[in-house]
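Consider the two complexes below, in which subunit A is the common component and subunit B and subunit C are the respective partners.
And now, the complex of A and B:
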């Protein structure tokens, strides 16, 4: 029994790690309707920025997070400027409705992600960076038969704050209203006088702040910070987003938790090399039986 | 930074070369070295390059009648790149021998080209059992799991561990770690209570560790490299699982201790190279390494690369004057008791090196040799 409880606890913490990444990813997708392939690199940038700050000044975790979030916002705005804005320079109706124009950003964001990853590799090398061991978020905490670590608590709190805060901003503020408007109909939003450019930049800033925060937290949680660290969480976040109905943030979070649980529970029954297959199996099942995602029924986006 | 140093170095080399020309025409023999200098495994390739340059500088400054030049090509640990580089090396008539690649997969893909063209190839790390069987042109300077597995099995059984769990990465190499070890354990009356593979680069080992702990083994035998190793050891500590861990020489790297800190204490492994070895030639290499790279002590892989380059250089010297690919191969095959930093190397009839293994344990943040 203890064994199963422990596996469930591990599944929950895995799921929260994926959820942390999926929130920002889904927000950006919800507004632009295209995948931002560079989100994984924003996550990596967040982790490296945090590591540089920690080795240089050793401030408390909260200050590290604030700096990382600021770096993330800058990275997001920069990414939008380089990879997304150039494809919005034509404002005639045909271009705005053109899928090709939008989907070209798939390629441009992928290009940016490759350039950033290689640049980090040239600067820092491709190996695991040495993280000061006392800064790792892995102090064991015993809860009866189950052991969790300090990072689980921190990640849970941050993920809950992100989700709650984001729902508040989206539902109760003007910025949130315009984000939702652009998300459901960009052309219509433009016609009613919403500054869509600014709204998109805001979305990138907010989404990337979350991506960068996720990067440093997960980096310290596992003690594994390296240039290609964003790739696998990016894939998992993508799967969670698709399962959750593409643009539902709570849906993505719930599906991220399902992914985490299914991976750790799968390990009980099959060798761990097959655990990923179980997660992707879920994706296929979802796509066959719920083509709009498990939580994608409602019209309201984001 | 690196690039600028390289440029300055190249400039200096050109100056020296032109200066040398004025005195006497010193002939140059060329070697090729294929290795990953970018991509996910770049850290290993960069280490090999540094080790090779240390060995080469020492050779060229020792007053031989000729100079050797090594042409480095970046394979990115990609088999397609490796084959393209192999063709390039083969087409360059000046090249008489090749070192590399890093992984068994790329080494074996390139080996097909070297086999058909007749080019001696010496890999510092390719440990797949089939690599040296490809043709008479392939050599390696690493012990295979055929040697390490039974050695470790006997070591663990002698220490009284009867129920052993085994995990290894899901690669060709990982498969040989498990099969060679498990066969010997079973033959000697031990029991393998758990055996599983994981994907290299797995972030979270806790589901597997929890599963291993449930089987209550006496000890765990592991086939991983230092990055996965550090993650595994840290997460074992997190979960409070206290079972002795044994590993292969692949995990032997100072970086493992740097990444896992106190959680690495007490891990046992075998090694062919210990930087704490007081032998003068080992200390000379360790000092040169620290000076060149500014890093801590070299791990086992750079040491193997250093020896591989020296073995190749010795073979070229033996083939002098007028070294040809055939003469270099024959000289390599005749390598006997070559005194390297990873122990004395002799190639047997199958071009496999026999090396002496050292038992080591992590103690107070250092790998130290132990007798039992």
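And now, the complex of A and C:
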């Protein structure tokens, strides 16, 4: 029983990490209607930025997180300028809805993600980076019958704070208002005088902040920071987004938690190398049986 | 006259190059490494051509093509090592098994469009990769499989460098011819109709789902053939040869060469395989070059080198007449050529 509870705790922190990643996907998909394939690289950049900061200055975790979030925002903005902006030469309705434009940005973000990953690999080497042992988030904490590690608590608290902050930004600020306006109707938002270009930059900044924070938290939790670390969580977060119905943030968060729980429960029954199958299975099942997502509203054909 | 003559000349030149000049040069230099590179280039030409049928002609963005390549290679390797079959049997069987898996994959996913299809194929490609990596009792896991039986065809041993090159070259050329005939026929035009607007094609009476499944199966078949060629010529396969980066490499070949153009896919494959070999001094940057070539070709040449469909053209066509008068022709010309 205790073992199951422990797996649930691990599943919760895993799910929170996927939720942070999935929000970035969801925000960007909502605003631009495209999938950002380089989101996993933002996660990697966050982890490596945190590692560099830790080895250079050894500041407290809170400062590391702040720096990582700032770096993530910068990476998101740069990504948008390089991989997405050049393909928004036409801002009329036809090209906003064009499938070809979507696929062009899909491939350009894929290309940028390859370049970023390989550049990190050349800079740092492809093997696991050594994280200073005292910075690992693995101090055991006894909680009744269950023993969890400090990382579980920290990930949960940071993720919950960021989700709350996101809700505040989206519902109470002008930036959030414009993000919601653009994602509900880009052309209409433009007609009422919203600067869509700036809104898109903000969206990338906010989404990438969350992705980068997830990267450093996971890096310190498992002590595994390596150039291709962002690929698998990126796919999982994408699965969560598709399951949640593409543009629904609560849906994405709930599905990310479901994904995290089911993966940690699956490791009880099968070797952990097969746990990734759970996410891919969820993806295929969702696409076939719930193409609108479990929490999704109306949508174009899928 | 010249319209009829030119394709013949191009084909004749390609045949002379592949079956005459390249083997002559390779024979003169006589280094087994160069034969390996030539075989690899031909295998990727075949892979790019098979992806061209699905992604270029039928317009289905495929992100898991390497999985079918892997299924072909593993089928060939397992049949050769466990069942002791020769190349004459493993080649068609690996093609058929890859085609079979492609049909299984296609049946549920074919009703999805654009990125949903792309991501579904990505997910399935990853699943197949995980099976190759973790089903250790059968696939030997990360250690890979050593294929000891070489190319033996009709009782002749063709494993030496030069005969092996000819086997790979002839199989690739025949496959290219089949894919060319498929994509330049009424059948190919039906696939192009899917690419341009599948709802419209459906309304015109084309059985879109069936066409997609068929093109997917044919593409999987040729990817499987390529896998068998790789297993038998390289002599060693491991899951890393069939992972996601390989799918992207094949996609990059098709995109760089130009979506919808078979010569484009061939040229794209040659560029992306031979460029890193030429740039050997900067070996580490190999994958960066792949990414950079992919990015800049989408940015600067949305049509690829000799493509027939571009992202921007599709947009312009949707905008209707306003863009027509600008000198560029609105639509690509396809048909019997």
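Everything that follows uses one rule, which is that the second predicted complex is superposed on the first by the 276 of 302 C-alpha atoms of A that agree within 3 Å, B and C clash if a C-alpha of one lies under 4 Å from a C-alpha of the other, contacts with A are read in each partner's own complex, and residues count from 1 in each chain.
One rule holds in what follows: a contact is a pair of C-beta atoms (placed from the backbone, for glycine too) under 8 Å apart; a residue touches a chain by one contact, two chains touch by 3 or more.
The structure displayed is predicted, hence computed values, not measured ones.
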item: Most subunit A residues touched (candidates subunit B, subunit C); value: C
item: Partner chain in contact with A:273 - subunit B first, subunit C second, else both or neither; value: both
item: Touching partner for A:58 - first (subunit B), second (subunit C), both, neither; value: neither
item: Partner chain(s) touched by A:118 [first = subunit B, second = subunit C, both, neither]; value: both
item: Which superposed partner A:161 touches (first subunit B, second subunit C, both, neither); value: neither
item: Contacts of A:3 with subunit B and subunit C, given as first, second, both or neither; value: first
item: Partner chain in contact with A:187 - subunit B first, subunit C second, else both or neither; value: neither
item: First, second, both or neither for A:66, with subunit B first and subunit C second; value: neither
item: Partner chain(s) touched by A:264 [first = subunit B, second = subunit C, both, neither]; value: first
item: Contacts of A:283 with subunit B and subunit C, given as first, second, both or neither; value: second
item: Subunit B/subunit C common contact set on subunit A; value: 118, 271, 273, 276
item: Residue ranges of subunit C in contact with subunit A within the complex; value: 61, 108-109, 112-116, 118-120, 122-124, 126-127, 130, 133-134, 244-245, 248, 251-252, 255, 284-285, 287-288, 290-292, 294-295, 298-299, 302, 310-312, 314-315, 318-319
item: Footprint of subunit C on subunit A - complex, ascending; value: 34-35, 83, 86-87, 90, 92, 94-95, 98-104, 106-108, 110-115, 118-119, 122, 231, 235, 238-239, 242, 271, 273-274, 276-277, 280-281, 283-284, 287-288, 291, 301-302
item: Partner subunit B, residues of subunit A touching it in the complex; value: 3, 6-7, 10-11, 14, 118, 121, 125-128, 130-131, 133, 136, 138, 140, 142, 147, 149, 222-224, 228, 232, 263-264, 267-268, 271-273, 275-276
item: Interface residues, subunit B side, partner subunit A - complex; value: 38-43, 46, 170, 196-199, 201-204, 206-208, 210-211, 214, 227, 230-231, 234-235, 237-240, 255, 258-259, 261-262
